[in-house]
Each structure stands twice: as C-alpha cells, then as structure tokens.
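What follows is a pair of complexes built around chain A, which joins chain B in one and chain C in the other.
What follows is the complex of A and B.
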C-alpha cells in the first residue's frame, strides 16, 4: 500500500511537472522580475538600475488620471458590450432556426480574422470629420465631434470585444431547457417575468464569464484608446506603453504594473464573490 | 537560391538601355551596372566555366543569406527599391516602422531585436555609440557612399570619436502645417501655434506623440532653446502643454489622417509630410517657426548584434546609389543629403521651398541635442502631459 501511494505521488508530480514549469516560467518568474524592478531606480540613460526604494510607488499619483480613465471606461465598456451582446446572443441561441444558426455565428466570428489594428484604424475614418459627422450635416446637425472622445473609445471597445461577450452568453442560453420556460408560462408568468426569473438567472454564468473576459482585457487595453481617443483618452495601458517604450522608465512602469495587477485581483475576487456567491465550482462557468 | 539568381530573370532591353545610360552618366557604379544587368554573373560564368552557374553563389553580390530586418520611420521608403534589392540578391526584407527615436532606443536597449539596418536621427548616434549598441562601419563595403558629395552639416553626426558609425539618408526640418482655409491668422511662430491652439483653432490642433518635437515646440514658444533640459524651463513647458491639452484634437505622430479629414487645422509637422499634404491639398501651408525649431538628418546604421551583417552592408550600399536615393525621395519627399542624388531629382522636388528652404529661414533652427534623448525630466514631462 505504502509503495503504491508513493509511486502514485511520483507519478502525479511527474505529470504535473510540465504545467508547473509552464506556470513558473511564464507567470511566476516574470511577476517576480516585475516586482523586483518596481523597487529599483531608472538608470541614467533609461532602463533599470538596481536598488531598493519606494520612490516609484510614491510617484503613482502622477498617473491618477490614467487609472481613473481605465476604472471608469473599462467597466462602462463591459456593461455596454453586455447590453449590446445579450439581445444578439439571445436571438442567436433561442430565436434563430437551426439552418441559419451556423451562418450567423460564423458572421460574428469573421471580423476576428482581421487584425484589430486594421479594424480600429477603419473606425478613425468612420468617426472622423469626413465620416459620420458629414452625414449628420446633411440632416442639419452640425459641429458634431466624435473622434478622439471617450464616446469614440467606447464604440471601439464594444465593436472590438463584442464576440468575446456574445459567445459565453450564447453557450449558456443554448443549453437553456425550453421546458422551464413552458412551466413558467403555464404557472402564469408573463414573458417578461419569465425572462427575469428564469432565462436571465440561468444565463448568469455566461454573463459572468463574458464580463470577466472583456473587463480583464480592457484593463490592459491601449490600442483602442490610442487610435480612437487620439492620445487624449489615456488608459493605464497607454501609460505602460509610454513608460516602457518611450521614457524607458522600467521601474516606474513595473510599479504601475504591480498596482494594476493588485487592483485587478481585488476587483475580480470581489466580483466573483458577488456574482457567484463564492462557490465558483458549482455553476458551469466557462472559466 | 540558384533559381532566384538575377541571371535567370533576363533583363528587358529597355531596362538594359536605361541602366547603360546611367552607367555612362556615372550615376551608378560599374559594380551596380554589372549586377543589375546580370553581365557580372555572365562574366563570372565565362571566367570560371559552366559549373559555377549551378553553384548558387554566382550572384554579383555574393551569398548574403535570405533575410534582412530593416527598422525605419513610417512613409519613409520606396517599396520599389526594396523589391529590386530582393530581386537582385534574393534577400527578403522585413520592414518595421517606428514612431520615435525613444522607441527605437527602448527596443535596442532591451536587446534581441534581430534588426540588421535601422534609421537613427542625428542626435541619437552618440548615445548609441556610448551604449555600445551600434557598430563602426567598414566604408570599403559601402563604395556607393561618397562622403564628399554629402553636406557636412548633415553627415557630421555619423562620426563619433573619429569613427564613422553610419551613412546619411535624408534631412529635414520640424515646423508646423496650417490649413489656411480654416485658420486665417497665418501663425508664424511656436508662440502663435499655441495661441491659435488655445484660441481660434481650439479642438483642432495636433501635437506629436514625441517628446523632442512637442516639448521642443513648447520651449520655443516660451523663448527657450528647443533642446533645453533645464528643470525650471521644462516645468514651464509642461504647464503650457497641460494648459493646451483640452484644446488639442490629438496627441499623435500620425497626423496626416487628421489633417486630411480637416478634423485638425494645425499640427506639428515634418517638412516631407508637409509636401505630401500640400500636394493633395493646396490650402496646406508648411511653416518654419520664426522662434526656433528643429533641423535634422537621418542615417542608415547597423546594430551591434545584427544577425545578417553581409546583407546589411549590401543593402546600405544599394540604398546609397544616387539613383536609388532619388527614387526613394520621389516617394517620401524628404531631401537627400547627397548632392549626386539631388542632381537626379526632378526640378519640382529639387527646388521645392519646403524641402530646400532658404538658408536664412533656418538660422533659428537647432539640431536635436544628444542629451534630450536620455534626459529623464523630458521623458517624464512628456509622460505626465499625456496622462494629465
């Protein structure tokens, strides 16, 4: 018996080794490097110089606006994506007949085959002065400015992240047992009440997964605000690009990264607690 | 490789005559002529008997490998030139475009770029040498480079501690572009630029996402040097920029789309882009500011750890050919530093007042100073302005 469990343990360890190595090399090690860097100093010509100082963390308030922008626009973008994605996912999962379902699903994915960069660049022209504002002038609405505003960034976010929100919700709605809806209406529930009390709660895992996917990616977003915000709607992702690629202040960039990771951890765990009652294992979440 | 040799792609009669004329006029070297026409290979074949035809190395350029990574600025090359180099040598070129010298430095400092040739600006070269990031050039491998034909003012920064680290590409000025249909007050200085930005053109002004030019412009507007690294002067520049920020249309070095859509009416601008804009929209006017600004030259350099060194030399040599230089400039508009190339340019470019401004207009302009590239205050001022 003892021999057995011992060799079992070895086997388990051997089987886990590749995964552990992957985690160690790709996740833990880089995080440690960033943590160490965040206590260092900027070298005279840029980059990193060793040392132990809290100076970088003390300098964080200088990026307050970037944190604020991100903390407001990322949740707003997530919510907006949800509001746009839910009806679409509902339509695809519940209303569309089988024969069209696949085609419509493919249509949702197709834009993903083109680089986000190219698609976002296209929006510069759509939202720019010779795009929608010119059309609006025809119907008498003048002086509308769309590009380089938070609104433009939100449009870009919803457009870019929609599939990430649609699919998890679609999956959870597709599994929806129609008998439950029937039972609800049989017992006198109005369609609206049925939706609120049956459909919506049952699709919560999909909503939670979609929101997490979009929100986490948005917190690190830099391309959409750079293109559609014209450098004026500045995310923390943009601040990081700046610190590493322009001003080459690696330690401060590391401190900003560590702070971002901390904020994410807190937000995500709070969110999990709220939406899943802390029992993440029970619901069939995609994550 | 042997299949891609130029001797397997016969040159057309017309092209052969063109190349012959160029050789006669002295605008290409004998080596270039032999290489382009395939005569060099033919001679090599005759000289060493038939088997070398199959050796795969019977190329006039020798065996250069099959790849080259070239890092440069946006809209700053003629694809035809790159294609022709690939055709001649079998070397495929991968182009990376960058938005600022800081970005290039950041990549090189981090290491492992895989770049073979890149295009630094004058003021960065001494930094690269100091940081041991670029290698001194063996000019005997770049016979097309003619030091005597290059304007010394522009070629000068290539030499650090008596060694030549790069060869010049183009030169230009940094001023601003105005849409005169939208702005009637004809701003002439950086002070005017910021006044207009915060006044008549509020919401329609662009500054670069580049510390040198944006902070430099603000410094000039305040009456200081474009290159200042003085903490007090930089603080004032930062205050001016932050005050102007709500009035800006964008902070971006990609300012042509905004100017073309007329969302923006005024923008910090490099003169070649100024020409490109004016060609399509006559109402655009490029201004060299009366209170200062930048004059600059760009170079071809080879990073210390370039993986394809032979191809890098062959490429730089190819790009130094006056005809190739002129063809390059025909696309991007910036003036060559090489008199031989300027002589080959059409009059419309060679006498363009934006590309070749009168010397007295440029009196107030400064070359970027090496210090500005690495100065931590300038870097932080720019970063704070952007995240303000």
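What follows is the complex of A and C.
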C-alpha cells in the first residue's frame, strides 16, 4: 500500500471540499430543515410555526391521488421510455455504420438545446383540441380527447426523457463484443434467441442505469403533468408546488416531501438489490 | 438445397470460384479448393491475405459475392451461420461472460430443436469437460480461467455439437510460446481422436507446418500453393512460398538457360548457378528474373583454401556469427555479392571436420539437386 503522506491527505481534502460543502449546504441542511418542518404546524398567516405534532403525517391521505398518480405513471413512463429507447439504442450501437453514428447521436441530443418548458408547451398544441384530434376528425374519428389525460402525460414523459434512456443503453450495447453475437449464431442460436440470451442480458447494466435515471427524475416531475395533465393528472411534485406556493402550508408540504423521499429510497434500494444483487463481480455497470 | 459436387464422398468443404468483395476490396479472389473429410487443413498467410474471410465464408458470417461454398456436398450459399453444421473457435475465444463454464459449453445443445433434457445436457457437458481436461470446472466463471483454460472451453463449446468441421481462427495467437506448443500437440491429438475436419487459420508457419495435413498458402485473396507441409517445403512454386515456409537463402539473378528440369541462372555477381525447376511451377522464360533458393541445412561449409570438390558452386565468404543450437550450429556468413547467407550445420558433420569461428574465411557450396530455381512472384 502507498504511504499516505500528509500532503497527499491535504490534496484529498482539497479535492473533496467543494462537493462536500455543496452537499452539506444544498442537500443535507435543507433535508434537515424539511424534516423539522414536517413535525411543525402551519402558522396562521401561512408558513411554519414551531412545535411537535404528527398531524401533518396523519393528513397524508388527503393527497392520496397525487401519490397514486406518481406511483403508477412514473413506473409506466419509465417502462414506456425503455420500450421506445431500446430499439433506437440497438439500432445506433449495432446497425449504424461508424460514419453516421456520431451524426445520429447528436440528433438524439438536439432537442436538449431547447428548454423542456418550451418543448412541452408545444405538445399542448399538438395534443390539444386543434392538434391531432382535429386531424382525426378529418378521417372521421370524432370526440377524441388527448390533452389532460394520463396518456398525454406519458407521451410528454417519453418525449422528454428518451435521451436519458437511450445513452446508457447505447453505451452498454456499443461495448458488447460483436464476436459474441457471431459465436451465438455459430452455435445454432437464431437471431431472436441470440438477442434474448446474449444481447439482452449483456445490456442489462445499461437498462438498469437508464431506468434508474428516468425513474428517479420522474418521481419529482411536475412540469409535464402540469402542462399536459391540466388539473386532472397531477403528480406529487404538483401537490408540493400547490402546498408551498399557493396554500402556504409548509409543514404539510414538508411531510409530503419527506414521504416522497422515503418512498424513493425504498424503491431504489429494492431495485438495486434486484438488478445488481448476486451479479458477477466483473459487472461493469455504469452506476 | 442439395446439389451434387464431386464423385467423392470424402470431400467435406469445397470452394468453387469463390470471390468475396467488401466494397472496393477483394478479400477472396476466385478461390477453388477442396478439404477432405477428417483432414487437418490450414490457411496460411500474412494478415489481409483472405484467410480469415475464407473461414468466415465457411462459417456463414459472410456470404460469397460470387461462386459457391459446399459443406458435405451441399451448397450452403444463402444459409445463415446458425443453420450450418460447422462450429468455430474464435481468436479471442468469444466466451459468454455472463455464463459459467458449463453454460457456455452447453449453449449449442440448448439451441437445438427439440432441446435435449437438462440431465442429457449436464451429462454431455461433463463428458466434454473431461475430454478437454477441465473436469470439475463447470461452475467456474469464464473470466476466472487462464488463457489456456479459456481456449479449452472454447474448443469444448464447439466440439460438443459434433460439427462436421471445426473452424479455428488463430486459436493459439493469444497464448504464450510454451503453452502454444502444448496446445498444438493437444489439438492434433484431439483431432485424431474425434476424427472431424479441422480448418485452421494462422499466420504462424511453424504452427501450420507442425499440425496440418494440407496447407493452403494465400496472398492478396488468392491461393499461391496448396499441398502437404513436405511438398511446400521441398517444392515451393515461387519465392514467396519458399520464404514463408521455413528459412531459405536466395541468390537472385536472371535465367540464361532452361531445359525443363534444370535452370541456369546468371547471378548478380556474374556467376552461373544451376538449380532444379520445381515440378509444379510454370516454366521460366529466358531473361526473366529468378532466384536460386537453397535451404540452410543443404549448404555445406569448408575452409576457403580447400573448397568442396563434389560441387560445382563455391562462394567465398567470412563467418560473421555462429549460434550453437544443440544438435545444430547456425552460421551467418557474409558473402561477396550475395549478402548474408544462413547455414545450418549438423553436429555429426562438425565433429568430423573442423567447426568455424567468426572471422574465418570459408567457402560454401551445395549439390545441384539441393537448389531450386524460383520465379520472383
């Protein structure tokens, strides 16, 4: 083992200091504040008044709909993004020749050059009364309503989060040894069997990473449901905006936040145990 | 779709006018060949000569641009690799990293339709592991194994399917020298035991010479010469083959006379050297460039002042270096007009006459039968 000299320790401290400070001030401290607030009471004029009560947590069922929506639409959106992203990532990593690969990869990122806000706003018009439903009327399908439905929110999610899913899967497929696919074929595996037995298992790290990224971000999403779900399909994120900014019930908002964080911690740790647990030691996951 | 090939039942793999182009590059250029059932056949040549592409055409990873490939008498043009009765050992083994050794070896059996029972697969995997001397390794991770062990797993994974033909793509290139030698012997023994056709691709002439029944030497997508190791060594058709197979000394010059069996070549230093015309090579025209090729072990050395009386050649030189190799001594002799000449002198002869030291003036000679006249291309 290398000698841990004093200057070396200083260097380590210096390198870690900025992130540590950032985490402490921007993450740990606010979390503590939220936790304390969640046991307090709403002041008469709104905001926070000190105290210790479990009243806020007892009141959680009043926001059950937001929790239900988030817990159903976030996983569904993750799954849908995966189903759309995988073929695209596969195409980019395996089928496209080297010279076009870079161009196509850049095209995947191009939408990021415009704010998600603007792009989601555009979807309001596409899915709204004068968008696709009007087009459908032309071919005789009437009375279709798209905007302000869970479907509209899912469309917005897949659209906004696709690149986050595509890239990790692309990376894991790209580093997949193509000889393994030939080996499988050589041993009698049809293309479909080869995909199930070789390609899919070896791209699991990418799938796991992509799903984790999208799922965690979706749990806190509020922009897409606010725009495309109207007041009908709302997430916990929308409930929080309402509680903190409109009704100024900070302690209850804090309790909802703490619950959201708890749900996320439990889901993610279960998920990690499921996908990473008992795997090979050489698993080169991106996480 | 079966279509008849030659009358012989003993032909396993056949190429008929096979050409493979990749965009502008011609990787395999109008190649026709046959590989007999149960033979140990090698494609030998430098990288880019078309040997690996030839193997991939048999495996079905590539399809010929022109011509036909036959396996066991049936044309396999258009048939994908997973429907061909051949198996391959890949250069970097291509073992599945997410499966243990037993799962890797049983992979081919699991793709069958109908799939054999679990017990049947386990039994055959165990038998095959024993065959490659890896009994008890079934539960190991493939990346825990050494290079030689991975090599054996790759062999077992292919052989368990009883292919009509086993394809080996530079299988020993990743192993160290000592292990490579061991595996060469093991492969030969294995081939004799299982009795199926082995087709090896290698750039290592020693490997090809020591293992194969037939060697096919390729260059620029074409077959230069095909034959037994002995034929290639004793009767190379041209300078390229002679240079590729074993060590050879070349004395270049211009053809001045040819009577069909022996050819006279006027060397660059004005001396006329005589050599045999190889039976399988095309006759050389007068004035064409040619080389007299003499194997190092065919040259004898004598002191400069007492040249060999039995020979009509005598080339003067000075000993530059002598390497003692046990039963042989290897001399490097600087000659006038011909550059450095390599001579391999057996110990038996050395003990009779005197041996030479660096700096000694010597005369080298050979009998006319020991020299071949080869075209430069």
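Assume the second predicted complex is superposed on the first by the 262 of 287 C-alpha atoms of A that agree within 3 Å, B and C clash if a C-alpha of one lies under 4 Å from a C-alpha of the other, contacts with A are read in each partner's own complex, and residues count from 1 in each chain.
To be clear about the criterion, contacts are C-beta pairs under 8 Å (C-beta built on N, C-alpha and C of every residue); 3 or more make two chains touch, one makes a residue touch a chain.
These numbers come from a predicted model, not from an experiment.
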Superposition on chain A - do chain B and chain C clash or fit: fit
Under the stated touch criterion, which partner chain does A:187 make contact with: chain B (first), chain C (second), both, or neither? second
Return first, second, both or neither, reflecting whether A:101 touches chain B, chain C, both chains, or no partner chain. neither
Classify the contacts of A:179 with the two partner chains as first (chain B alone), second (chain C alone), both, or neither. second
Taking the superposition on A as described, I'd like to know which of chain B and chain C A:119 touches: first, second, both or neither. neither
Dominant toucher of chain A (residue count), chain B or chain C: B
Return first, second, both or neither, reflecting whether A:198 touches chain B, chain C, both chains, or no partner chain. second
Once both structures sit on chain A, report the angle chain B, chain A, chain C from C-alpha centres, rounded to the nearest 10 degrees. 140
Quick one: smallest Cα-Cα gap between chain B and chain C in the superposed arrangement, Å? 46
Quick check on my understanding: which residues of chain A belong to both its chain B contact set and its chain C contact set? none
Partner chain A, residues of chain C touching it in the complex: 59-61, 80-83, 86-88, 90, 92, 94-98, 107-108, 111-112, 141, 143, 157-158, 161
Residues of chain B touching chain A in their complex? 100, 102-103, 105-107, 109, 127, 130-131, 203, 209, 211, 245, 248-252, 257-258, 261-263, 374, 376, 379-380, 382-384, 386-388
Residues of chain A touching chain C in the complex: 177, 179-180, 182-191, 193-194, 197-198, 201-202, 280, 282
Along chain A, where are the residues that touch chain B in the complex? 42, 44-47, 62-63, 65-66, 124-125, 128-131, 145, 147-148, 226, 230-232, 234, 238-239, 242-249
